[in-house]
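Same chain, two partners: subunit A is paired with subunit B first, then with subunit C.
The block that comes next holds the complex of A and B.
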């Protein structure tokens, strides 16, 4: 009985995913202008970034305020590699992923010793130091004026200059990220991450190597941030240190929390929502931020599991009635 | 030597401002366990309300200062009622995120009310400079230092010497035990929020003549206040004061002797260094924190 219910819910989930994927594939037929496609590009990039952040925050329960610093490192690494050495896009992407993964690993070493708010403040300071270093390293990063004219991706001679092919490239990476994080969640690593979040001492007693798992969580989320950063640089074609400030950290945090932390669908929904909404509500821009702030507060108090948790609760209620 | 004294004096001045901010920030952590990331906006509002009272209503500065502190206190009372009470006893992640949300709203509201341009506030004693033994001193800096000495001294005497101060300390150390001893911890917490907001208003008003009043003014100050809180020890009021002074002085010395370009980075480097070597700060609370 339980098995059939579970199998059926898994079937529904898979069906919903396929429907979403088809919608995503057909979306460029509806979005005609480059402006609308540009928003879709950003949404896809932030889906990857938010998924990585969710691995750290939602799965492992570690609140980092320095994640945007890793995103920035990814963007700058890829842009500098491609622009100054003429390396192909894939090399830039790989370089960004490797470097941010390594830095995420380094950050994890001191982060193992401290917990809670100390960890958050440490990562906040690290993120700001990363931004200041980027701003000061004029010769490499052009300082606060930023890097412009970053080429669009080009893979084995096939150019993604046009908005529609670029959309499919980003969609490919986003789907890859979703599948990876989903697979990670149901693997033994995912279970280890979640056991650290729920009961760290308990996890340790049960034989989970909490230090190694935390480092791994940091590194995985950093690699995803690096990939997102590289894609961001080559999509927007312009990056500057001011963009990677604490305001963006807030947005990223809100994406994961409003969507629903600890789930795979949550960050995807949250990122898409928080990229599309400000653009749709551009005509009331000043008021948007006022409502956005209150929405974060309300969401944290009244909807701690985010939209994903709300959806699950509604589904359960519907099933009980039926 | 003269330059050193000059730099040290400006460092102490900023240190006093940071100490105010850190104290206000720490008060709500100690008394209610709420980490208030909207504190930056409280400081900003202190500056903006001061400017409005002086330039729009034409009030004299002393009266404006008093009114600013009163309005901010009222704001603190209102906030604890609506925003913070639901957050008490919640996880760190919850309080941080919720108060960040409030900060976003308050900042957007400030931009809407006062516009995106920088405003200025005059000082109490004009822009003249007094020469004391070869170092030139702004009277306003002396006012900030004097205010800090009086307020922090008074707070120390009040906390350790009066009945109410002891009750506040008891609430900070163990709310359950304090409640069982018949202390109305709700009142104590309300009081802590109001005091915290008053300190924010004071800091915002006093720092305004040194810089300009912008919507992002409070945020930089709060980051320094955070650094002071880390250096001094999380939740320790004494630590907040010393931490603020240390950050102010180190920052001023670093800016003049090392590089002014990295001035803002200094406090972050201090945060990282302290967290790596002495995570509990230089003046930790005597009662060990439950992990």
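The block that comes next holds the complex of A and C.
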């Protein structure tokens, strides 16, 4: 009986995913203007970024405030590689992923000794250092005036300059990221990450090499940040150090918390919501941040497991009634 | 023939307090050893040293001829020493089945990419681990909660979950820290029967327990600690009649001072 319940809930999940995917594929038919497609582009990029952040925060339980720094490194690496060496987009993307992965690995080394709030403070400092280094490295990054004129992706001669093809390219990467994180979560590695989050001593005694697993978690989330950064640079075509500040770190944190940390669907919903919502709330203008702040506050109090947790609770209740 | 586990002259100092003071004992294959003593006598500290949670300040722990001293807990788990905790270390955010699967970590070999891409090896390993987790949960009688959250288990069932999780690593030594706490008399008796089946399958067990009826009826040998020192060792009957043990528990020495 338990097996049929599990099979059925798995079926519902698969159905919901297929429906979502179909909607995502059909979306450009509805979104007419380049402005609307531009918002969809950003949503897809932030889905990748938020998924990576969730691997660290939601799965492994490590709160980093330096993740946007990795996102920035990915964006600049890819843009500089493509613009100054004329390398193809895919090389820029790969370079961004490899470099951020390596830096994520380096960040993990002090993170093995430092725990809790101190780790968060350390990563906060690292993120700011990355931003300041980017601003000071004038010859490479054009400093605070930013890099402009970054070319849109071009893969084996096929150009993604137009908004609609670019949308599908970003959707492809977002779906890959979702599949990756989902497979990760149900693997022995995902379980090891979550065991560290829930009871670190228990995890160690169960045979989890907590140091290696934390490093892997940092590296995986960094690679996803690097890929998202590269896609961001080639989509927006302009990047500047100011964009990658603490404000964006807060937004990223809110995406994962509001969506539901430790889940796969949570960061996806959270990222889409927090990209689309500000645009929809344009009419409240300056009051947006107040609304935003209150929304986060209510979310943390009212639904500690985010929208994903709320959905799960409602499903359970519906099942109890039925 | 050398013993399965040899504990030689192990010490642990916290600040100025010597929690474990030069304790030695041995454990044979398939033997059940009771570690007893009043509160603060160093039993839990001993278990933390054996499982690698604490580094000892002196002495050695040798398992099947291999020195475990100084190894991290995950390496000790791989070597075949598993344990449960007095203050449970359950993974609350994971299902009961996943909790047991974490216990198999040190026996799983699939790579990250094999797991993500679903290589035949990774899939087979995952399926076999799941089957093993289910059969372990069946053996401790909580298999029907496999997909449930641990919060839906009673306190006693959570202890059994930790036992199943510890067994998932296929240990040669299982260490139980107060397994009867929170269990009813009936459940404790069931647990004793279960531990005997482990013994029959060749697993050696070290058990810390205050429930004396449970200990006396279960174990082959007892090591009694007081103030971090070994004060007695022997079969249950000789321990029950040992003057020093009775004094440690009942505080007769204090009366003698009057």
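Please note the rule applied: the second predicted complex is superposed on the first by the 322 of 322 C-alpha atoms of A that agree within 3 Å, B and C clash if a C-alpha of one lies under 4 Å from a C-alpha of the other, contacts with A are read in each partner's own complex, and residues count from 1 in each chain.
In this section, contacts are C-beta pairs under 8 Å (C-beta built on N, C-alpha and C of every residue); 3 or more make two chains touch, one makes a residue touch a chain.
Source: prediction; values computed, not measured.
A:7 in the overlay: touching subunit B, subunit C, both, or neither? Say first, second, both or neither.
Neither subunit B nor subunit C is touched by A:7.
May I ask you to decide whether A:204 touches subunit B, subunit C, both, or neither, giving the answer as first, second, both or neither?
second
Can A:253 be said to touch subunit B (first), subunit C (second), both, or neither?
The first partner, subunit B, only.
Looking at the overlay, does A:216 come into contact with subunit B only (first), subunit C only (second), both, or neither?
Once the two structures are laid over each other on A, A:216 reaches subunit C alone.
In the overlay, work out which of subunit B or subunit C sits against more residues of subunit A.
Subunit A has more residues touched by B than by the other partner.
Is A:294 touching the first partner subunit B, the second partner subunit C, both, or neither of them?
Only subunit B is touched by A:294; subunit C is not.
Given the touch rule stated above, what does A:314 touch, subunit B (first), subunit C (second), both, or neither?
A:314 sits against neither subunit B nor subunit C.
Once the shared chain is lined up, is A:176 touching subunit B (first), subunit C (second), both, or neither of them?
Touch status of A:176: no partner.
Contacts for A:191 in the overlay, against subunit B (first) and subunit C (second): which applies, first, second, both or neither?
The answer is second: A:191 touches subunit C but not subunit B.
Under the touch definition given earlier, write down the residues of subunit A that touch subunit C in their complex.
Subunit A residues touching subunit C: 2, 5-6, 180, 183-184, 187-189, 191-192, 194-195, 197-199, 201-210, 216, 262.
Once bound in the complex, which stretches of subunit A touch subunit B?
Going by the criterion above, the answer is residues 57, 63, 110, 113-118, 120-122, 124-126, 128-129, 132, 136, 246, 250, 253-254, 257, 286-297, 299-301, 304.
Along subunit C, where are the residues that touch subunit A in the complex?
Residues of subunit C touching subunit A: 51-53, 72-74, 77-78, 82-83, 85, 89-94, 98, 101-108, 110, 112, 115-118, 122, 126, 129, 144, 146-147, 165-166, 169.
Under the definition above, what is the set of subunit B residues touching subunit A in their complex?
Interface residues on subunit B, with respect to subunit A: 35, 83, 86-87, 92-94, 96-109, 111-112, 219, 223, 226-227, 230, 234, 261-262, 264-265, 268-269, 271-272, 275-276, 279, 291.
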